[in-house]
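In the two complexes that follow, subunit A is the common piece, with subunit B as its partner first and subunit C second.
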Partner chain A sequence: MIGAWRRLDVSIALFALVALVLAILVVLPIGWLAWYSVTDNSGHLTTANFVRLVADPAMRKPFIITFQIAIGAALLACAVAVPLAWLVSRTNLPARGAIRALVTASFVTPPFLGAVAWELLAAPNSGILNQWARKILNLDDYDYIFDIYTVQGVIFCIACYTFPYVFTVLANALENIPADLDDASHILGGGAWATLRRVTLPLVLPSILAGTLVAFLQALTIFGTPAILALPAGFHTLTTKIWSLFQVPPQPNLAAAAALPMLLITLGVLQFQRWLLGRRSYVVVGGKNSPPRRIQLGALKIPALLLCFLIMLGPIFLPYAALIKSAITNNLSDPLSLSTLSWRHLNFILWEFSGTRDAMVNTLILGVASATAVTFIALVVGYLAHRQLVPGHRFLPALAMAPIAVPGIVMGVGLFLVYTRPPFLLYGTLGILLVAFVTLEMPAGFQQVQAAMRGLHVELEEASRIFGATRMQALMQITAPLLRTTIIATWSIVFIGVIRELSATILLTTSNTKVISVVIYDLNESGELGAIAVLGLFLLVITFAIVLLVNRLPILGGRPVR
Partner chain B sequence: MNKNNAPMHRRTLLALSAAALGTTRAHAQASSAAPELIAAATKEGTAVFHTSIDLPVAQKMVTDFQTLYPGIRIQLERTGAERVLQRIEQEYASNIKAADVVESSDVTMFLGWKKKSWLAKYVPSEVARVWPQDEKDPDGQFASVRAQLSVIAYNTKQVKPEDAPRSFADLLAPKWKGRMVKAHPGYSGTIVTSTYATEKALGWPYFDTLAKQRIMQVQSASDPPKKVAQGERSIMVDGSEYVVFYLRELGNPIQEVYATEGSPLISGQVGVMKDAPHPNAARLFAEYVFSLRCQQLMADAGGTRSFHPDVKLAPGRKPLSDIKVLRSIPLELEASVEEVKKKYTEYFGV
Partner chain C sequence: MASVELRGVRKAYGKLTVADGIDLKIEHGELVCLLGPSGCGKTTTLRLIAGFIVPDAGEIIVGDRRLSSGGQALPPEKRNMSMIFQSYALWPHMTVADNVAYGLKLRRLPKADIARKVASMLAVAKLEKLADRFPGELSGGQQQRVALARALAVEPETLLLDEPLSNLDTNLREEMRFEIRRLHDEFRYTTVYVTHDQLEAMTTADRIVVMNAGRIEQIGSPEDIFLRPLTEFTARFIGGTNILRGAASGHTIHCGRLAIQWSQGQTDGQAQAAISIRPHEIELHPTPSPGENTFPGRVLRHTYIGAQRDYLIELDPETHIRVVTRLDQHYAPGDTVGVHLPIQHCRALAR
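Up next is the complex of A and B:
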């Protein structure tokens, strides 16, 4: 009995600690943000910031454009992801694995890098695609087909790297539809298309909507893509406008006020999404009785595969080709040929430029530390909540999921306000970035763990306890090995998230705490696109290498069965 | 940097022209830094250098310094002058004293920091020995490390020399609509200064009309030459002359134009921070950047113009004395910086 009490005490202490950490991570920045938005420079209460948001056209215009972009990008991402997900998960399309891998690669590619690559491809005059178009279609010298420096260009570029969100949610839902339902439809005389239209589609509609809403939120709050593509076109989005408010003389109060609506919209959208997905529960009523039956595409196989690869031109094939080309040619305007090959950019980034090493080291430290911290906290929270070990366990998941409502730039502004002054002076250290990444990535990590915990019955642990194992031993020997895949997936997702992050980072970085994403942003500012190509490809290689390595690590029960 | 402006500029110009013509005076190449300073700097081992000089040129300076003093590693932070300002102001507001040496093309930044007494009093030996009086702070807190012009330039593959614009007024021609690029005063010190000088000469209505030309808006003054070289736009409205020089030497089709109305003259200053965490390495690096070796390197590799009388102008570059320049008076500029940025945003939308 005494032992049981002590265990409970440890659990409660752990619970309190985790709850406190999570609360500080979320509540502090949002609290300061709210306070700043209703005060002026000298700390007096005022509504002037909000009045300016509405009254000043320079503030109002970015709001409207941001909405156009977010809606456009979400719809485009949806239009691309729906056929792709259906083909991959419900048909006998060849090379499904390769297509899934390409979708993952689109997710891993930082959007700001994609935006730079699309500058190389679709800038109106120098863009490679426009040069080809002029040649093929015999256009005049300054005519062009594509212009990436437009609202449409920004929408396209954002959709390229947000469609994986829709794809993942949808592919998941499609795979969970039991074949019984298809069979029922067939027996009743429904053909393949009738089944698709009248059974499958209605069943996954909530997932499509939910995924599209995630894409909408991503597009609403993204910083890198509009910073690279919208400024040259002469317009601001909300995120770039907020960023510009930190120019000297900084206007943090107005920035806070401009960030708050984004937070509210996100909260609203997430609530709506939860309601949508909540209604979906009937989908799996039948349970997973038999594996989903794949539709035979027949003669459509090849056209369908072509469609998939055509879609992948946008996020992967074309941008990567453009980056590689720019990395190895001397000048951007040079065509790719033996005589224009040059080590200039490689040499500069890998050997000469001091920023590469510092930023790469910081990026890796932060990536590994954030991924490890999030995985650990998510596991503790997941375990405590799932096993219902402590009173009040229901609040922990809510706390862990709360940051999902906080867009990167909002978190950036909030953390900046909290940690640039005593008592928490974290600005200028990697600590502030670690706090930012852990907070921002916590929901994604926790979702992974939660899903896995649901599939783990407590009886396995209990069996181990009956044979005399302590709770800790049961955890280490039974539960942890079973969670191995989840742990690796969680870790990798957070790590990739850190590499991709720019919108909070850009506000929180200092000269001694630079990360690669910020270096790339700085290089873009002075037009060093060749250098960006090298650095970006280098970053991707390292990211893939680390994710692969982690997947092969023999941690947590990777040992052979006795 | 003092108030008696008119004579100052004439003298500045003379100094620059003298430098341009290569008035040689025998002077040892190696730096004249004291051995004690070198020893103390080597002990510190590193220094953080913020600059708005275009990255390839700045990196060459740093690499050369590190060859001279292998024990010292310079951490190079390159971004537009206005973001240099923003970063360091943010850091100092949070009591983070990380910057050692700062270079910026926005002179008003140094005037402001001098008032806040953020700058150390340190006069590098070459500055004391040969620098023109008007190109160094009378209290020894900073000095001009480079001068450059903001110029018009065009892509020689896309524009024939006879069709190229010769003046700011030419840029308003309908044929250039959608074909020009320019940098932004919110990010670039060079462009704050050039916008101010151009506005003085031509007035805001000029920018009002210019803004209707569907201009591609980039940030740093280093970027427009790259967009022209790349062929993305045919003409740059403003941007760094020295970047045009070095891009052409790399084989890019780009040609500068000195506008008939005059080309804005911008000087970049260097100062050592008072609270520099590596004070000796900072001072040694300041010694180096004003040395003939570094000044000649900047002029050759980059094409910046030097105030060091012994620096020789590379062939093919027009001496400053042959160019009509638009000058800005630092104190007047300081008073108008905010106004310039604000007005600009109104006209150009970002």
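Up next is the complex of A and C:
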């Protein structure tokens, strides 16, 4: 519609503005990051930073450990998610809805909170599980079975909260396989096992790999879990190392150089993943999808269900129980009984500790502002791109999706470099956090909007135009109401994403701009685990309230939609 | 109401030309069908008229207003047209009555008028009982009628229909064809109707515009188009036909060993020419006796198709034709028959 642009001046202006904003959000930090990585303190070009990355054992070791952790966590997540996804989406396992809900719960649980909870459970001395073990196995006072402050502990804790990435991709793929493909195998003589091995699994193999790669990237770039579990044990991962380079004396050039490989690996892995999933298109061939027939588990039903709940001990049952217990008892070692109940931690968080209320207010402000901004920009980009209203519309979605390749900690470094200098002196204000959240959450928000736009037939809007509505009227009367649920869902997803962010926040926050996730991290350093539990549960309650709200959203007043 | 005129309208997307110089005048109150295979440019032409697409060149004139010209177009909402979409495009968040009232509300009619018009439109479309339903709660045929009611309620100058029946099943489609024609006879809006179904075009249109590859092949009444096709494309697309090719000399073409005479139509004057004769116009005789345009042939295939029989006949090794006969003419594969191509049905084609 190139010829139409003359009467779309507003769209053009809006396009230019949005493109500019997106470019500033993404290009500026990455540009500065690259520049810093090849300069020294006084701004002269040098390769010294990269030389140090390789030569200095203090820099090299975190690289190796990070890869061990990322590979280990990805494999563990995959091993757990594959049977779980298959059971939930292809068999008659009882309580499938509950299992799905538990996976969602793992998905939205902030990983740093999970790490704190596992400290409560499996710290060598005070850990609840170790206390039980001593009692049951009659061990000596300082013997222990579990030690969460190890590489294995970090791997376990990360896998607990990254396996949902594999699960989601795989469960979707399994559900999209037309039942006919299975039926065709059965009619040719394949039994349930042969069909699973020769048809179903090969079909979803690319999805398994793709999901595992996402888990790998998450584990590679996560900050909270290693910061809480690895630092006390005296080892660094890449993210904690980068963070430590910002402590006194700050070494931003080295930090930039260390962040760059992470960016490149992410880019490469995402490209590979896209290629994998692109080849997968054969999974969805066939127009008429007969409803999938579920495999009858028979006698294995109960063992399978037990397996699912056993898996859920790791991310949900044990950590949540530990958090609740430590929130309401005086000391972690106290047994849970009426006499040991205490409001001490609640009291501390709400009244004694001055940081809480500021952090809550900041979190709320940032959550609302980021969610609103992302939703608005995503809607504008989605609309302009989908309706192909402006020349160059193809580039907007790419720009909006670009941050998906930028890990939080990398974005944190980039933003720190950009906004601690004129002309954008945002460091020390909530503004820099807003910029960070909007950028990091843009891809998630945009994906929501894009999916909805695809499902919205252009003719619905055109019909309104032909009956006399201007473009603006058509937007307000037809498109906006039809996108209402998408708007709410997008907003909520961004909000949840913001309140659990720690990797970028930790680099950009100052004493005046603390948010809840940072306060939890600080409290962990000072050993206030009970207070963390209260705050963490508070965070979880908000998150689950929002998740429930989104899931219960009446689609257009609960009426069936054509 | 007014006439709609397209003059040299052109539209291309990159190298792909989808409307290649369309000239067409639709008279006031006329129902014209744009007919052609998918990708022929008929929907593009409709959307050019609606103002959703801006032409690269040419102009579109409705009544005495020039609505589009090269690079410019009045937006759709200013054209006083209405349209029925292939997907119906009923708004799922509005009831049937709200859908129908939408255009009237935009025209800021008094509330009482709107209510009255909506009620009468719903009555015309036999939708009174469904007024408070949502589109998702209606069957395909009911949705189609809501789309009709919504389009007619605004009393447009011009009514545009984009394959309105393609989502319905066969029986319903037949019923709706007559319904659309009935409503047109009642309201007499200038109507442009896009379809790829020749039967739909035949039963509804005053005139049919056959389109192919972004161009108009032929314009004429349904009878014109069927009985007097000008080009091979039209003859094949409407009704199906046998095309016989060969060297032309006067009113005869030499197709292999056969010399076939023709009396209808016109060649384009080239040395090679083609004639068309429809399967049901050919006569078969039990014995191959000599006569005017009569040739011996061998039955290759016989298919019983209910009220008729369908034969594939070999006239010579390179020339096979299809013949449709009455039921009482029964031949078996391998039989030798006399094939008469009546001169008055042999039609020379320009392209």
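Here, the second predicted complex is superposed on the first by the 532 of 562 C-alpha atoms of A that agree within 3 Å, B and C clash if a C-alpha of one lies under 4 Å from a C-alpha of the other, contacts with A are read in each partner's own complex, and residues count from 1 in each chain.
We adopt the following convention: a contact is a pair of C-beta atoms (placed from the backbone, for glycine too) under 8 Å apart; a residue touches a chain by one contact, two chains touch by 3 or more.
Everything numeric here is computed off the predicted structure, so don't read it as measured data.
With both structures placed on the common chain, the touch criterion links A:F467 to subunit C but leaves subunit B unconnected. When the shared chain is aligned, no partner comes close enough to touch A:S42: not subunit B, not subunit C. For subunit A, the partner with contacts to more residues, out of subunit B and subunit C, is B. Of the two partner chains placed by superposition, A:N138 touches none, neither subunit B nor subunit C. In the superposition on chain A, contact of A:I478 is made with subunit C only, not with subunit B.
With both structures placed on the common chain, the touch criterion links A:Y149 to subunit B but leaves subunit C unconnected. Contact residues of subunit C toward subunit A in the complex are 50, 52-56, 71-73, 75-77, 79-83, 85-87, 89-93, 102-103, 106-107, 134-137, 143, 150, 154, 160. Residues of subunit B touching subunit A in their complex: 48, 50, 54-56, 59, 62-63, 73-80, 82-83, 85-87, 89-91, 93-96, 98-99, 158, 178-179, 184, 186-187, 215-220, 222-227, 229-234, 250-253, 338, 341, 345-346, 348-350. Subunit A makes touch with subunit B in their complex at residues 58, 123-127, 141-142, 149, 231-236, 244, 246-250, 330-333, 348, 352-355, 358, 420-421, 425, 427-428, 510-512, 514, 522-523, 525-529, 531. Residues 1, 3-4, 6-7, 457, 459-460, 462-471, 473, 477-478, 481-482, 556-557, 559-562 of subunit A are the ones that touch subunit C when the two sit in their complex.
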